[in-house]
Each structure stands twice: as C-alpha cells, then as structure tokens.
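The two complexes that follow have subunit A in common; it is paired with subunit B in the first and with subunit C in the second.
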Partner chain A sequence: MLELVMKISLICLTLSMLGLVYRLIKGPTVPDRVVALDAIGINLVAIIAIISMLLNTNAFLDVILLMGILAFIGTVAFAKFLEKGEIIENDRNQ
Partner chain B sequence: MTVISEWLIVIFLLFGSFLSLVAAFGLIRLPDVYTRNHAASKSATLGVMSILLAAFLYFYFIEGHFSSRILLGIAFIFITAPVAGHLISRAAYNSGVKLWEKSVRDDLQYKKKEREH
Partner chain C sequence: MRTNDVILQTVSKIVFFIIILFSIHLFFAGHYNPGGGFIGGLLTSGAIVLLLLAYDIKTVAKGFPINYITLIGIGLLFAVGTSAGALLFNVPFLTHAYDYFYLPLLGKTSLHTAVLFDTGVYLVVIGVTMTIIQTIGESE
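The block that comes next holds the complex of A and B.
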C-alpha cells in the first residue's frame, strides 16, 4: 500500500509541476516566472524525498537540503536584481 | 506500531501531494502576481513540509534510521520559503507590476508618494 501511495503522490507532484511550467512559460511578468521557478524548486525537494523512499536509500537526503538552499539563494538573487538592477553592489562611495 | 506509522506516512504523503496540486491550481487560476505568490509560497511550503515529514517518519519507523538532515530541511524550508515569497513580491511591487484591476485599495501607494516628496 505504501508503494502505491508513493507512486500516486509522485503523479500528483508531476501534474503540479506541469502547471508550474505552464505559468513559467506563459507568465506575463518576470516576477511570475521567478515565483513559478521557486515553486518548481520546492516541488523538486518533495520529489527527491519520495524517490529516496521508493529506492529505500538514505543517500539522497543531502540533496534535499541542497535543493532548498539553492532555491532560496536563486530567488533572493533574482529579487535583488529586479529591485536594484544589480546583485552585488560594488559602490564604495556610499 | 508499524501499521499505525504506515497510516501516518500515507496520510502525510496524500496531504502533501494534495496541497502541492492546490498550489499549482492557484498559480494557474489566480489573476495577478501577488495572489499567485500568495498561493505558491503558502500551500507549496506546507505541502513539501508534510511530504518531508512523511519521509522522516518512513526512515525512522521502517528503516530505523533517525535522519536529522530531513528535520533540518523541514526547518530550513519553513524559515526561507516565506522570506523568498516576501522578497519577490516586494521586488514585483517596486519594479512596477500592476495589481489586479478589480483590487480595491493599495495602501503602499500612499507610502510610496510620501517617501518621494
């Protein structure tokens, strides 16, 4: 039963990622696309967790943490780029 | 004991995947960036947290392996996902993305005008 439920929820996550990819392609503004990419990264975390349960291994659990950190850093960098026009400011005269 | 833990894992998995579907549905259906951000940052976060909790319970009860990395992942996602949502929403407002045309009031507009004067 557990394996069947894992496969069902993998299918649900795949469908929701398809919806997010639709928003990523169509989204009228740039922040829309960033929101969709952030949600895709967070969904990938869940997919990795389910696949490591299906494969009965705990070798992929580092990847969960890594994907979370990478999604956060990417979103923050993109938000700063949208707001200020550059990511790392090198202006020393402030 | 294993039967109870199996049921717990199943419930958390189904709840998480349902919430993830809700997030995708909201991202498709809602009218502007801010409402979409609302849908994505809340329900996707809770869904992923419950799926990670299911993974933690699975590795703890069935494999007998206490995995602190999943707990760290849950805490990290719980802290950072709303912050990322807030940052991207503020960047959208400051870079001039319009609200939905049926939205009633925009309090930040007056603040922005006061700051410019």
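The block that comes next holds the complex of A and C.
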C-alpha cells in the first residue's frame, strides 16, 4: 500500500518537474528561469527522499540536506548577479 | 542607488554555522557512513562562499585571516606525513593503524590514523576551492 502511494507521488513529482522544465526553457525573463531552477532543486530533494524510502536505506539523507544548501547558495549567487552584475565584490562600501 | 541586503546578511550569518556543523559531521562520518574529507571540505568552502556572497572579499578576509595557498601546503604535509609515518614502524608506505580507546567523555571509540590523512584531503580541498574562487573574484 505504502509503496503504491510512494510510486504515485513520484509520478506527481515528475509531472511537476516537467512543468518546471517547461518554465525553465520557455520563461520569458531570467528571474523566471532562476526561480524554476530553485524549485527544481527542491523537487529533486523530494524525489531523493521518496527514492530512499523505496530503496529502504538512509544513506541518502545527507544528500537531501546537501541539495537544499546547494540550491540556496546557487539561487543567492544568481540573484546577486542579476542585481549587482558581479557575484563576489571586492569591497562593498565603494 | 546602493542596495541594502540586510535579510541576506542576517540569514547567511545563521546558515553559515549550520553548514559548517553539517560539513564537520560529514567529515567525521566518512569512515562508517557516506561522507569524508572531500565533501566536507567542499561544504566548508561553500559556507565561506555564502559569506563572500553576503559580504565582500575584504570583510571575509578580516574574519578568516587564512592564506589559502598555505592551507594547501599544510594539507599536503598532513597527507604525506601520515603516509610516511608508517615507514617508522617497518611497514609499507601508506599503512594505517587503528585501535580502540576508552576516552573520558566519549566512551569506547576507535581512533584511526586515516582520519589524519582525511584531514589533509579536507584542508587541500578547502584551499584549492577558495583559491580558485578568490582569484576569479578579485580580478577586475
């Protein structure tokens, strides 16, 4: 029963990821694409969690936290590039 | 117009410590669980990159007065030292030793010299990543 539910939710996550990929390709502006990329990362976290339940292992739990951190840092870097034009400043008070 | 990123700076101050703790956990988990020196070092440098994003190179250099190129040298010395230390005990190069010790707070723990080798990997990964990122970031 639980396995069936997990497979159905995997399919739902895959469909939502397809929608996000559509936004990533089609998105008229760059911020649209950045938000889609961030949501794809979080979607991937959910998929990893369900797959690690299906495989009955807890070896992927570190990957979940890692994906969250990497998605956050990547989105912050993209946002800073869009706003200021450079990612790492030499001196922000200048 | 100067932008004010107080939310980013406050959040990254807190998240920095969470990432550092997670990277230390990954580093020490490496022997029995997924993890190890490589991913731990990458995550530590990821935390420093987050500070670099929220602040700037000068502020972070004031907070971490570390020469990352020296860090690479220290890491390589760690790796070579623990490998060559095996030669002192008449065993082949890179032979590691372990034993169980009763530590006062932790109880029965197995201490392994491979951790020292992993520390070398950890330091080299931090040094290389931060050197690459800072050299690219500093160029005008």
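The working rule: the second predicted complex is superposed on the first by the 91 of 94 C-alpha atoms of A that agree within 3 Å, B and C clash if a C-alpha of one lies under 4 Å from a C-alpha of the other, contacts with A are read in each partner's own complex, and residues count from 1 in each chain.
Convention: contacts are C-beta pairs under 8 Å (C-beta built on N, C-alpha and C of every residue); 3 or more make two chains touch, one makes a residue touch a chain.
Keep in mind that what you see is a predicted model, and the values were worked out from it rather than measured.
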| item | value |
| --- | --- |
| Room on subunit A for both subunit B and subunit C (clash or fit) | fit |
| Touching partner for A:76 - first (subunit B), second (subunit C), both, neither | both |
| Subunit B versus subunit C as contact partner of A:64, first or second or both or neither | first |
| Partner chain in contact with A:56 - subunit B first, subunit C second, else both or neither | first |
| First (subunit B), second (subunit C), both or neither touched by A:34 | first |
| Superposition-derived comparison: subunit B or subunit C, residues of subunit A touched | B |
| Which superposed partner A:9 touches (first subunit B, second subunit C, both, neither) | first |
| Partner chain(s) touched by A:92 [first = subunit B, second = subunit C, both, neither] | second |
| Smallest separation in angstrom, by C-alpha atoms, between subunit B and subunit C in the superposition | 7 |
| Overlapping contact positions on subunit A, where the subunit C interface meets the subunit B interface | 62, 65, 69, 72, 76, 80, 83 |
| Contacting residues of subunit B [partner subunit A, same complex] | 6, 9-10, 13-14, 16-18, 20-21, 23-25, 27-28, 33, 36-37, 40-41, 44-45, 47-48, 51-52, 54-55, 58-59, 63, 65, 67, 69-70, 72-73, 76-77, 80-81, 83-85, 87-92, 94-95, 97 |
| Subunit A to subunit C touching residues, read off their complex | 59, 62-63, 65-66, 69-70, 72-73, 76-77, 80, 83-84, 87-92 |
| Touching residues on subunit A, where the partner in the complex is subunit B | 1-2, 5-6, 8-9, 12-13, 15-20, 22-23, 29-32, 34-36, 38-39, 42-43, 45-46, 49-50, 52-53, 56, 58, 61-62, 64-65, 68-69, 71-72, 75-76, 78-80, 82-83 |
| Touching residues on subunit C, where the partner in the complex is subunit A | 3, 8, 12, 15, 19, 22, 26, 29, 33-35, 39, 43, 46, 49-50, 52-59, 133-134, 136-138, 140 |
